[in-house]
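Labels A, B and C are assigned to the chains in the order they are written; within every chain, residues are numbered from 1.
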Amino acid sequence: MLTIQDLHVYYGRIHALKGISLEVRAGEIVALIGSNGAGKTTTLAALSGLLRPRSGVIYFEDKNITHLPVHQIVRLGVVHCPEGRQVFARLSVAENLQLAGAHRSERAARMRDLQRVYELFPILAQRRNQYAGTLSGGEQQMLAIGRALMSGPRLLLLDEPSLGLAPMIVESIFRVIEALRCDGVTVLLVEQNAYRALQLADRAYVLETGCIKIHGPARELMDNSAVRAAYLGG
Amino acid sequence: MFTPSYLAQQIVNALNMGSIYALVAIGLTVVYGILRLINFAHGDMMTVGAYVALAVLTSLALPAWAALVIPIFVVAAVGVLIERFAYRPLRGAPEVAMLITSLAVSSLIENGALMTLTAQPRPVRLPAELTQRVDVLGINIAVMDAVIVVLALVLMVGLSLFVRYTAIGIAMRACSENVRVTQLMGVDVNRVIATAFAISAGLAAVAGVLWSGKFGLVDPFMGFVPGLKAFVAAVIGGIGNIAGAMLGGYLLGFAEVFFVAFMPSEISGYRDAFVFALLLVVLLLRPTGLLGAHEASRA
Amino acid sequence: MKRFLPFLWMAAVMGTAGLAQVLLNDYYQRVLAVLAINVILAVSLNLTNGFSGDFSLGPAAFMAIGAYTSAILTLPAQTKAIALPDLPPWLGQIALPFPVATLLGCVLAGLVAFVVGLPVLRLRGHYLAVATLGLMVILQVVALNWQALTRGARGISGLPPFTNLLWAYGWMLITVLVIWRIVYSPLGRAMMAVREDELAAACRGVRVFRTRLFAFVTSAIFTSVAGALWAHLITAITPSSFSFLLTFNVVAMVVIGGMGSISGSVLGAALMTLLPELLRRVETALAIGGQPLYGLSQVVVAVLMLAVMLFRPQGLMGQREIGDVIALLLRRDRPTQPVAPVGEARRTA
């Protein structure tokens, strides 16, 4: 579904991504793990169009999306749920969701997805008319994911959904991600919580200072001694 | 000297000036909210609107109300063009760069008008219905005065509803919080920004037409000082906040008119100094304004 | 020998100025004087806007202070008795020599800049710009209304024409020299550090506020010199001489020349002095319907500024000085400029 070939991304003079290549197949959950500053968020930003790579190609369902504008990439089905929640604090929960679905033309599909979001996150239904800024961290993360779902994703890019959240909430969110797989959504998950990510994912890539160090089935990586030492606490 | 009818007339004046300032301030604040740009060329949208209205009025072939409607569309188009060619290429540039560009655009419009239309102020002859005087609630005012206030209120209410309930309005509010994330929602941010400029310029055009109607004159530099004062109004109310712009506009209108009305004549000449001293005070003591809660990085 | 090079340059400039004063006709002398004044204005503004990173729209205000102060001080007592009868006697009776009057103007401008700078420099970016603009308006209104001091809208005329090329270029050299020494000194580097990253500079021990205030006050002082020179060149000043148009043109000089390059400001000033002269002929020649195209030169300036902002935001010289450019052309090694040009902070997102 998604193929990245030899992607180089720069921040000014800083070479953030040094020729990475990766693949995500339809229906998978792929994890991208690595420490802070490794380039995980940069990768997602390049995928969603927020950053322009200097060289390399990105194919989504055989279409070259490397230089498309952000909103067009979203409309093709690649939806980026950014790190740090970043919900619109001065809009209500419902307005946040409505905005994300606004670019879709079929009303029925939108309504259906809205129902699905309220099903997955009942608390959002309760708080639908509250300002998003008044929600707790976990609720905001749910809203962020709900928003991403409202855009009708075929490939969902999730950036650090567990960051700063209590373990129980993290569990419920990971359960939701699992449920999304059953809904037919492919997921590329960037996570600092390597253990949970590897438990959930089918395959994983390990990113270190802009390069892919190892990749393979998640189970194998969990057993890999180098990975264990670096990211899983030995 | 301070008779009730004098007071009443001053209140009417204050309402008029406040209405005009509010219309202009809203446009400024909407653009600032989304782009963090202080658009110095905004006041000149008033000027362009007033000239277009004048052209319509003197052409005689069009009905009088067209003098209000046509400028809105023309100036909105001008605003969109300016955004597309002068401001969009600089998105992401340091804020001072955008300020300089807006200064240049402003100078271009003013001096372009000077060059082609000359500095000679042109009189505006209002249709008779507007210059008549009527009694409203016991006060004798010109119809024009009432039109200004009513029209401004209608537009402001309309805009508030628009921003609150329409999809584009919600997108505009989202953009003023975070443009990048709004893009991630699949929103074509360029279109939203263009709409914001169109609305903002359109409101300024109305303000310009009303101003020229009230003061009876049009000249290339007429929008410059009101544009600056509208910025003061927006800052007082809280820059980036539409309700703040409305509040600030009326507060400034009242402050200005009452300053002139009730100060001795040696002092009343300092009216503009008073307005800008107000600006300095607000910027230094409460930069977020009365209703605003925007960036914390100003100090 | 190398150490004396600057002095040789200065002597050359002054010598040329003296010759020009004797040989050229009034028109050319006037243009050259305006050029020197513009250089002073541009280089001073660049100190705050370019090197210190504080975008000020205040030049007109400080120029007005310099102009009015020096005018009131140099105007002969008899003239003052008629034109400004309400002046307090100690002002009404003195008539000071030109340099003294100019210096007193500097002192006043410096004081005002200091007092205003203390609160206003707490602002940054475009808020600071607007605050300085507000200052300009306030001063203009004061000049218009304080009839006893300034004669309001009628202005002060009949000023002794003290400004000649020697004075103009003398002050210009002083300005450029002083500002050059400031900028290319540890203090100047501190300013540039503040411009690039205030927090980092503070962490390195830079007294951020003091540095910015120093730049602001110094800039005001030299701007007021320009005002005094201007007043005694044109011999008549009104509040509207020091309007936003003036500020805009000085900003144009600095932007087009390059914010962060003293040579750039000189170039910008030269450009902005010569352009209106050239275009003046065109304005009258290209009359539309019998009316000369007034405003054409301003339109051209605005278009130039837009072109610079859109296509070459660092201006003509960026942050390089003429010495660096020459060295570059001669392929010699120079100590590198540590910071990226102002306009390159754009992201690709």
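Simple rule for what comes next: a residue touches a chain if its C-beta (ideal position, glycine included) is under 8 Å from a C-beta of that chain, and two chains touch if they have at least 3 such contacts.
Everything numeric here is computed off the predicted structure, so don't read it as measured data.
Participant: Can you tell me which chain is nearest the middle of the complex, judged by mean CA position?
Facilitator: Here the chain at the core of the arrangement is B.
Participant: Suppose chain centres are the mean of their C-alpha atoms. Which chain sits farthest from chain B?
Facilitator: The most distant chain relative to chain B turns out to be A.
Participant: By count of C-beta pairs in contact, what is the leading chain pair?
Facilitator: Highest contact count belongs to chains B-C.
Participant: Cα centroid separation between chain B and chain C, in whole Å?
Facilitator: 32
Participant: Nearest whole angstrom, what separates the Cα centre of chain A from the Cα centre of chain C?
Facilitator: Using C-alpha averages as centres, the distance is 53 Å.
Participant: Roughly how many whole angstrom separate the Cα centroids of chain A and chain B?
Facilitator: The answer is 43 Å.
Participant: Provide the list of chain C residues touching at least two other chains, using ranges where the numbers run on.
Facilitator: As it turns out, chain C has residues touching two or more other chains at 349.
Participant: For chain A, give me the residues that contact two or more of the other chains.
Facilitator: 50
Participant: Two or more other chains touching the same residue: where does that happen in chain B?
Facilitator: In chain B, 180 touch at least two other chains.
Participant: With touch defined as at the start, can you tell me which chain A residues reach chain B in the complex?
Facilitator: Of all residues in chain A, those touching chain B are 48-50, 69-71, 74-75, 79-82, 86, 88-91, 95, 98-100, 102-104, 147, 151.
Participant: Taking the complex as given, what residues does chain B use to touch chain C?
Facilitator: Touch list, chain B to chain C: 38, 86, 89-90, 92-97, 99-101, 103-105, 107-108, 110-116, 118-119, 180, 224, 228, 231-232, 266, 269-273, 276-277, 279-280, 283-284, 287, 297-299.
Participant: Going by the contact rule set out above, which residues of chain C touch chain B in the complex?
Facilitator: So the residues of chain C touching chain B come out as 55, 119-120, 122-127, 129-131, 133-135, 137-138, 141-142, 144-145, 244, 248, 251-252, 255, 288, 291, 293-296, 298-299, 301-303, 305-306, 309-310, 313, 342-343, 345-347, 349.
Participant: Given the complex with chain A, which residues does chain B contribute to the contact?
Facilitator: 167, 170-171, 173-174, 177-178, 180-189
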